[in-house]
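Chain naming follows the written order as A, B, C and D, and within any one chain the residues start at number 1.
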């Protein structure tokens, strides 16, 4: 295992301390229990938004704390949901009285720990709503699975719900916007290489030199099927097909296209993927009116990419365009 | 070689097409000859800034085209300087009559090709100044080398010179600011893994499982020395020492600290590095007043990091803070 | 011979030891069909439990000790196993109340409540390839042993043996809960890490009752 | 026997063939002490040259053909070798002017001008571990051959052989120019890719003169 770390046990603590040192203009950090809060939180009268989950997906979630997006992020150990304590502490710290939305990726651990925290927060008089993100079409949502996973679509939910909170929507309205985005975004990913969890010290799975894993999650967990390495355009076709069929997206739709790097993918490759994805959408009469390309929801050093398509309407477009000022996403201020 | 590409020969063309599709609000793209220009270029009365070099360092340079930074970027093949033709075409396309600054990283190929383009532009009546960036302290600047290389400090030069041009400085003044930044920034990098150039298909060098390469360049060329993998804090100490001694930086200095990922480094690791680098600077009485953490000047999928320290004064700080709107660096608008 | 606070704390210490010892194995199982953190998660949790165990008042009941385990796991493990096992211990503590000595029936009540706690939070059914597949046979075997008039040591031995078999029996299954469910058929042939760790915890309970020499001592 | 346009275009075709054939080898040499693109760069350049060669007017002179190579390499190769080799061919074209037939003295002038062009742009000295270390012995050997009264074929053979030796002789050197200079002592033991490719180009010139069977045909 080759990593720029000290003791694997301290990776998250040290990274959060580094984040604090680098972005002290935007966030404050609580170290025990550990969470990252917007510097000016609680913002009077504003619904607060808290998200979190295992570390290793950076910039998710800490990189999205700030004006127009999250009020707090709660990082767990690498790939492990945080416990209820820091979620509760963060929730109480950022609540201005207008209530708190929990944005939770759909994994058993995340759901259960946020659930407990929400119960405890409610007992302390904080109004909490929870929206569970499950945009990953690689997993069948059925009685036979833990349900679809929350993956790269999460960043779109956080941005758009954050804008709704910032413009003054109440808790129900912010939760409704978040649900709406989750309902209209679909994602599918591919891994070329595995990642190495620091405390495990070994690759999360092994792939032959000519194999790739389709339908990969964001925790180094294996995906849906293993195929031979293929040209990028073929891989894009293969990822986009289930994404587009699922909603389904249709000719005339306006969409946001997100090509998300898994952490170790060179940027040239992300744009090679974007090019063909945009081409395929254009061929189907689907208009890409907003774009996002980069490492937003990652799996440590994994090489690979996910493609998300979000159906836009005027409201979502306006909320997407609204100013945001976080470490990892910033425009308009 | 595992890459999300089609034919290796088309990587740059396709990536640039993807960039165009994703960032059409900010840039326009010329495909033959290939360059990326600011959408509203030429900007009347403004000095234009053109940079470029081999591809594979993204977001450098295309990601920095836009308001407050570059007017055009000229991408060569992967790790190969562009030829004079596209540099000349870009230079002429963005010149508003106020002259053009070429920001060139100090590599023989880049210097020679930009030199030819500048000569040809001058013959066509375009006033061109050239600033050569050589911030890499890993290389001794002596008669016995091709001189120091231009590495991550380049992004700081491009941002700050871009702001100077945007506020209306004339060509000499913009060139002087760029020279000043280059004179006050020092960088040193480390690689944990090599990168794979698409047309070569094999790693640029080999490192044992417990070896790292100190003083790495940004083209997968080997570095200064090979040492055993060590804890991040030790590696940071080793990178910072020559950086700080070279200028030298002194107690009381205010600086910008850039921790730059080489492309394949998980973000947690960048922040682990930032944390200790900031700690070391604080211990020496050097105040970090501005920070930048992320993948800005990369080497494809290489895992590793470079640390740059730029000495700030009020003018440079103000220019750093000025609005910028590019695909990869954006604030204030 | 009923089992009291000494058995309970011995069980807990042995649990911590066995989890630490099998940390790597549990990580590997979880890497294969999950995300590779299960051993690390439980080790972090039980290390924290151990650190708090000495604070237990001298007159603590088994239920007090189980509750300490529950709250500590909930606040240190995270992931899926934290709330699930935490709830198991919490419900187990509730089932034994303030009893100082646990007989066979009380042990069955403890195990049943623990299993039901996991089901309450995780909604898994037997055969879903989860820790339930260790707990449920353990509960059944313990109940059968009590019905057969076995003593407490034998009851826990029966539970541990059944849990071990149950964990092994997860290998051919397709998972329907947890991360392994994303894998479909590809989970076949791999043991569920949570079932394996639960069987280790139940083996520790039996060993503590039998007074077997402890790995951690 | 003097050498005219047929020799020149044959040289160019053979150059393209040899560069394409040795593309991988040049990439490997450049990976070891540079950035791994030298073979790709030259292959791209000479492929472009080949594509333009048929456009040469029937009455073109050797100098016209060399100028075509020069401008094409400058506008397609990039990197360090593009401007350096491009200038070499440009200066070589200048040295032979509009002569239709080149004798030994003209060939020496051609080679000398090429070498001087590289030095003009790259400022390298002999022993710096660059392409100069192939060109300079080639120039000297060609001049000596002319002084010895050798014919054109022998002059180019001498140049090619000397260039090959010069390229080989870069192996023990520390580099003082180009990317390899960043390596210090670690460049020792590796052949300079640019010296190697230049020796291949000069061998192609000799082969074309000797009418050796061509790899590309």
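What we mean here is this: a residue touches a chain if its C-beta (ideal position, glycine included) is under 8 Å from a C-beta of that chain, and two chains touch if they have at least 3 such contacts.
Just so you know, these numbers come straight off a predicted model, no measurement behind them.
**Student:** Which neighbours do chain B and chain D have in common?
**Tutor:** Output, common partners of chain B and chain D: nil, no chain qualifies.
**Student:** Which integer distance in Å separates the CA centroid of chain A from that of chain B?
**Tutor:** Computed from C-alpha means, the inter-chain centre distance equals 29 Å.
**Student:** Averaging only over C-alpha atoms, locate the centres of chain C and chain D and give their separation in whole Å.
**Tutor:** 75
**Student:** From the mean C-alpha coordinate of chain A to that of chain D, what's the distance rounded to whole Å?
**Tutor:** That pair's centroid distance is 55 Å.
**Student:** At which residue positions does chain C touch at least two other chains?
**Tutor:** Residues of chain C touching two or more partner chains: there are none.
**Student:** Using the touch definition from the top, which residues of chain A touch two or more other chains?
**Tutor:** Each of 78 in chain A touches at least two other chains.
**Student:** With chains as vertices and touches as edges, which is it: line, ring, star, complete or other?
**Tutor:** Here the contact pattern is a line, an open path with two ends.
**Student:** Which two-chain combinations touch?
**Tutor:** The complete list of chain pairs in contact reads A-B, A-C, B-D.
**Student:** Would you tell me which residues of chain B are touching chain A in their complex?
**Tutor:** Those in contact with chain A are residues 2-7, 11-12, 14-19, 21-23, 55-56, 58-59, 63, 78, 192-193, 195, 209, 212, 229, 231-233, 235, 257, 259, 263-276, 278, 288, 291-293, 295, 298, 300-301, 303-305, 325, 327, 330-333.
**Student:** Under the touch definition given earlier, write down the residues of chain D that touch chain B in their complex.
**Tutor:** So the residues of chain D touching chain B come out as 27, 31-37, 40-41, 44, 74-84, 121-122, 174, 176-179, 181-184, 186.
**Student:** Under the touch definition given earlier, write down the residues of chain B that touch chain D in their complex.
**Tutor:** Its residues touching chain D are 54, 76-85, 107-109, 112-113, 115-116, 138-139, 143-146, 149, 197, 199-200, 202, 204-205, 217, 219-224.
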